[in-house]
Amino acid sequence: MSANLAAETLAAYTTSSGEAFQFWVLGTVAVAGALCTILMRKAVYSALCLAGTMIILAVFYLANGAYFLGAVQIVVYTGAIMMLFLFVVMLVGVTAADSLKETIRGQRWWAVVCGLGFGILLTAGIGNASLTEFAGLGAANSAHGGNVEGLAALIFTKYVFAFEITGALLITAAVGAMVLTHRERTERAATQRELSEQRVREGKHLPPLPAPGVYARHNAVDIAGLLPDGSPSELTVMQTLRKRGQIRDVSDEALADLKALEQRSEERLGRDRDEEEANR
Amino acid sequence: MENLIALLIGAPLLGAAVLLLGGRRLDKAGHWIGTLLAAVSFVIGLALFADMLGRSADDRALYQRLYTWIPVEGFQADIAFQLDQLSMTFVLLISGVGTLIHVYSIGYMEHDERRRRFFGYLNLFVAAMLLLVLADNYLLLYFGWEGVGLASYLLIGFWQHKPSAATAAKKAFLVNRVGDMGLSIAIMIMFTTFGTFAFGPVLGATGETSEGKLTAIGLMLLLAACGKSAQVPLQSWLGDAMEGPTPVSALIHAATMVTAGVYLIVRSADIFNAAPDAQLVVVVVGAVTLLFGAIVGCAKDDIKKALAGSTMSQIGYMILAAGLGPIGYVFAIMHLVTHGFFKAGLFLGAGSVMHGMNDEVDMRKYGGLRKYMPVTFVTFGLGYLAIIGFPGLSGFFSKDKIIEAAFAKGGTEGWILGSVTLLGAAITAYYMTRVMLMTFFGEKRWQPDAEGHEPHPHESPRSMTLPMILLAFGSVFAGGLFSIGDRFVKWLEPVTSFEHGHPPISAGAITSATVAVMVVGVGIAYLQYGRRPVPVVAPRGSLLTRAARRDLLQDDFNHAVFVRGGTHLTRSLVYVDHTLVDGVVNGTAASVGGLSGRLRKLQNGYARSYAVSMFGGTAVLIAATLLMRAV
Amino acid sequence: MSFPLLTVTAAVPAVGAILTAAVPAARRTAAKWLALLVSLATLVLAAVVFVRFEPGGERYQLTESHSWIKDFGVRYELGVDGIGVALIALTALLIPFIVLAGWHDADPLETSSKRWRPTQGFFALILMVEAMVILSFEATDVFLFYILFEAMLIPMYFLIGGFGDRAHSGSDENAAAQRSYAAVKFLLYNLVGGLIMLAAVIGLYVVAGNFSLTEIAEARANGSLEMATSTERWLFLGFFFAFAVKAPLWPLHTWLPNAMGEATAPVAVLITAVVDKVGTFAMLRFCLGLFPEASKWATPAIVVLALISIVYGALLAVGQRDIKRLVAYASISHFGFIVLGIFAMTTQGQSGATLYMVNHGISTAALMLVAGFLISRRGSRLIADYGGVQKVAPVLAGTFLIGGLATLSLPGLAPFVSEFLVLVGTYARYPVAGVIATTGIVLAALYTLVLYQRTMTGPVKEEVRELPDLRVRELAVVVPLIALLIFLGVFPKPLTDVVNPAVQHTMSDVQQKDPQPEVEAAK
Amino acid sequence: MNPVNYLYLSALLFTIGAAGVLIRRNAIVVFMCVELMLNACNLAFVTFSRMHGNLDGQIIAFFTMVVAAAEVVVGLAIIVSVFRARHSASVDDASLMKL
């Protein structure tokens, strides 16, 4: 207990060399994580990198004497919010990789200029402010018996209105999310018969769609089947994969494989023939 | 007694209000109401006159103050009246002649469906004119001055359905407004100089300011007088004003309103006395107009326009006399009064002739009318004799005095002015004889008009002849009555001041010369129009005649310079306003539009590029904050 | 606390506007009567203000003061001086006539849907404008005034753009385009002016630390608030620009003819007789009251602009072919006189300018409303389409003539008094300007009489032969206005009594004395 | 070590996050970057709280988290429904706002 208090006091008034070491190591990792977040082509990697950064931030909160926030950061942010992100990434397509090629003219250039300028200005601003001394949180944390108690005292007195309003905001957000994502079915779902009749009326794809990988060696669903002329048909891949752009483009590969197969069978057949001829 | 002064104005004003607001139900009685109220004014005037005669010469002026009109710090304009001998003279002339002409109009306007309104306007005029002469300050005078202008506008344009009448009315008002501008500037100068514009303080303090200021006031007053009294260069409206009904021409454009300019100058005598330069200009204007009007009068075939030229010329006499200073003021007024009688009589006579001739005004289509209209002939004839200065009649006395005064001006000036007035007298005799001969003598020359109606000349009804007869009496006797024992001079002397002029030649010689030139004028006219038949279609005539027929090209000049120039100016200004002033604004709008069209392309719809600008903006804000703190 | 008379006077039309707007679609007539009643009630309140105001008393009377935006020292501060009282009276007086004159202007076309409610909107907007204008005459807080100054643009915009004159020469679409052009032009001009004023208002706050007119003026007078000369000038220009747009002064005038031409006659009267007066009023109260030194500095330039306005407006009026545009240009000329009077900085000039605001309101209302009646009968705004109306509709022609005569300042009618005071006041300080301005009276006669001659006299045109004369409702509009013109023309004392002390205050604000008459000065 | 370093770190993370918002097209990644920026701010708040010896900074950070949670919920819901409708999670595809 006394050790805990001592640590608190320490965190509140001074920075130990241990904290400095922790800062430099974890800080580097956090920056790396942030950079990875924006540079990874796949959203799921970005999410994971971000989660890492957030966990490191939670550690920094703890180091700064914000014990409650540190815990909340891990539980709410890393736990809840990042998971939500991952869910959505799953929904949208976990393996889809974005092209990092810029399409808006001048966008990247301006982004870099603004980013650099902004960073420099912020740094200058911080450097400009005389922040060499600091008060520490010891007194504030111990006023009500601890960090959590202190926060509680503030939240339920001074910030009680804001707190209540955020409560309302959360409820609204929850309801809003449901309204946005929930689709009420306003009509009876079409039966298979109706669907086929509709297809007949529209005059397209009367027969069932071709199955994927007809000529392929394996029945992977993400490989387009090849048409008789050897070109791959996207129709053969299921719609969701198509939309996500997750068709494995195998045409060349398949053709090469085919060629290899033919060659091999040729060789074997030739060898067999040769053998036969030889046998004859 | 002084409380009656307001009633003088009030009676006709009431008449105007009742008649103009009363509506159709007064159509039957309207003319009687109008005439009655004008007569009431005349009776009050007579009562005041009697009262005034009962007091000593220095104590005759009456004052009545009703209330403060415009109460503003340092600017006190009162509704207040002053009735002195000068005003009295005018009151009697206006209400007297005015009443007679009301009576005359009952007959003359009998067949006009808007007769009630006509009488309303006439009453309005009488009220405004009385206000003009009774005002005790220049601002109130200005009120009356514009009031008579309005009445004149309404009456000239009474037959509004005729475009010519409407145009003439507008022209009269506009030209008068130019004169009014002079009057208002004069009042402004007075206000800044004297701090007031009441007659008493202003005229009493003329010695305390510079001659330059007084000259400026005098010239501005003269401009006003030129406008109202149709003096050169603002004379052009008077001829056109004859578009109005003839009683109007008689009352407003012969006897009363046009003489307001003379009143103004005589009333402001102290200012002019102290500003010799202004006086000189007055004299020159008078002299020029007197010849100008006379020459125009010689050339016109329209009987009313000929008389209008004559009016202009006679008022030129008055203005000239007024410009001569104390030796002339009284005679200016005297001529004004006698002229009021005989010119009103002449116009009424002309109206009577037109009445009998289906409103024909071209004298070349008259001739020999004396047999058909004996009363008109006699009264017109007496007026004619009066105006040409036939010895013993009114005009002789008043005009002779002016000619004497002109000579008495002294030096070269005196000789020039004297000769001009004499020449004027000769021309007057010439053109009036011409009118007389063409109208009443010779063969009958009238023809059926376009619709085949042959005129049947006939004498006018009693209501018309009676005023003519009364005015004829005035034309014959007024001059003598005034001159015997210098009555008129003594009457007006306390107000206008008077000095006996001393002409370089004897008065007798001047009188003889006057009579002689009159005889010459009559003689020439007789040779031209009495001995020979008058052609129905006017001959081409000499260059001067043709110019005179066109008012000596004054109208053409005005038209070319002011009307055409003004039209061009306004048109080009409309263009400028549209293209330049508005164009600058619209151009700004267009260039802003163009700029935003270009800026619009930044709006590419990509949220990310908006985010860049937001981010950049934030960076700029931070930079600005840092800079501010650094500074 | 005493009864908040000023607030109530402004609140009655505001509440009336809301109520009028809420009248159900089918009850159009009820909406009209309601609007008329509300405007009459406002008139009664304004009359109470006029009577309660003591000319000899404090400068600002019937004051109210409440805190509004504490952090910026903005207060809801009301108070009236004589000038404000006169203009409130004018506004309250004119609105009933405007309502009455516009009785049928916003009736929906028969083909339009049952639920459409233009009539309610029209009258509600008029009442809203009235409320804002009255409040702006009462506001003694600069910020409050600024908000009202801008806010009244909104209802005016809809009145101009939404309820155009049905008489036009082109096709319907063309008319609609013209109308929306006019409305947008009106809005843009005034917004630009307002924007510049906003900058000046903020600047004033930075310099003075609060928005109270009385406090700032007092601090300036007793020297506790020093302003750098250049600061004062810039602030003055900012304010003046906005007011010059609104007034409107040459060369910022071009929105007025469009707006007045395209709007219905009652709305045109609302623009020129009521709303524009806020501009000239504000010049007197704010420009002179807050920035006396800068006002004196700018006077020569402003006098020149005013003179140009007078002559230029009159000349352009002569050149117009559209009756309503002609009246608009005439108004520009008259506004020139008002500005001239204000900046002549003499008692006569400023009294004259204040009277001019009132008188011009009444006379333009008379002329424009009669012109509106005429136009609504024939369905054309072009002068050339008329002729000989006098013969078929003598009362209409007569009232039109009187309105015209008032416009050309005939003595005996109210505008003469004010115009002459302005001229005398100007001449006393700037003789040349006085003389140039005097030419305005000739030009005024020219455009008025030309208009009258071309429309009313001459042979009767075929198209106007069946024109009916004024109806009872229209007479009820015109006759009181004309009576008022004549009454104030011969007895302006009730007005001058109220205005004189206020003018004295303004004169002491700018620390100017009337030039002494030469004769007295010599003594 | 001076805790001001945390601020520098915070600034750096914020800038990285902002750059990510500008560069990435995938709406989900953009969203993550926004979260990164919010977290960077929170770090700054917590640091300030420590410097000033005042818990208010932590309270703000706390509120930020709550709001961020709400925002993420709604934002992701929007992304999902947009993806459903347009079969794309690219922010550039939703560019109907241009004229």
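Going by the order they are written in, the chains are A, B, C and D; count residues from 1 in each one.
Basically, a contact is a pair of C-beta atoms (placed from the backbone, for glycine too) under 8 Å apart; a residue touches a chain by one contact, two chains touch by 3 or more.
Just so we're clear, the structure is a prediction, and the values are computed from it rather than from any experiment.
Student: Any chains in contact with both chain A and chain D?
Tutor: Chains in contact with chain A as well as chain D: B.
Student: Sort out for me whether B-D or A-B is joined by the greater number of C-beta contact pairs.
Tutor: It is A-B, judged by the count of C-beta pairs in contact.
Student: Would you kindly say which chain has the C-alpha centre located farthest from the C-alpha centre of chain D?
Tutor: With centres defined by C-alpha atoms, farthest from chain D sits B.
Student: Averaging over Cα atoms per chain, report the distance between chain A and chain B in Å.
Tutor: Spacing between the chain centres: roughly 100 Å.
Student: Centre to centre, by mean C-alpha position, how many angstrom separate chain B and chain D?
Tutor: Taking the mean C-alpha position of each chain, the two centres sit 90 Å apart.
Student: Counting only Cα atoms for the centres, state how far chain A is from chain C in Å.
Tutor: 66
Student: List the centre-to-centre spacing of chain B and chain C in whole Å, with centres computed as mean CA coordinates.
Tutor: 37
Student: Which residue numbers or ranges of chain D touch two or more of the other chains?
Tutor: Answer for chain D, listing residues that touch two or more other chains: 18, 22, 25, 92.
Student: Return the residues of chain A touching two or more other chains; collapse runs of consecutive numbers into ranges.
Tutor: In chain A, the residues touching two or more other chains are 104, 107, 110-111, 114-115, 118, 122.
Student: Pull out every residue in chain C that's touching 2 or more other chains.
Tutor: Where chain C is concerned, no single residue meets two or more other chains.
Student: Show me, using the given definition of touch, all chain pairs that touch one another.
Tutor: After working through each pair, the chains in contact turn out to be A-B, A-D, B-C, B-D.
Student: Going by the contact rule at the top, pick out the chain B residues touching chain A in the complex.
Tutor: 604, 606, 608-609, 612, 615-616, 618-619, 622-623, 625-626, 629-630
Student: Under the touch definition given earlier, write down the residues of chain B that touch chain C in their complex.
Tutor: Within the complex, chain B contacts chain C at residues 20, 67-75, 79, 139, 142-143, 145-147, 150, 153, 157, 160-163, 165-167, 169-170, 173-174, 177-178, 180-181, 184-185, 187-189, 191-196, 205, 208-209, 213, 566, 569-571, 573-574, 577, 581-582, 584-585, 589.
Student: For the complex, which residues does chain A have touching chain D?
Tutor: Per the stated touch rule, the residues are 12, 15, 17, 19-20, 23, 27, 30-31, 34-35, 37-38, 43, 46-47, 50, 53-54, 57, 60-61, 64-66, 68-69, 72-73, 76-77, 80-81, 84-85, 88-89, 91-92, 98, 100, 102-104, 107-108, 110-112, 114-115, 118-119, 122-123, 126, 131-132, 134-141, 147, 150-151, 154-155, 158-159, 162-163, 166, 169-170, 172-174, 176-178, 180-181, 243.
Student: Within their complex, state which residues of chain A touch chain B.
Tutor: By the definition above, chain A touches chain B via 104, 107, 110-111, 114-115, 117-118, 121-122, 124-125, 128.
Student: Under the stated contact criterion, what part of chain D meets chain A in this complex?
Tutor: 1-9, 11-20, 22-26, 28-29, 31-33, 35-36, 39, 42-43, 46-47, 49-56, 58-59, 61-63, 65-74, 76-81, 83, 87, 89, 92
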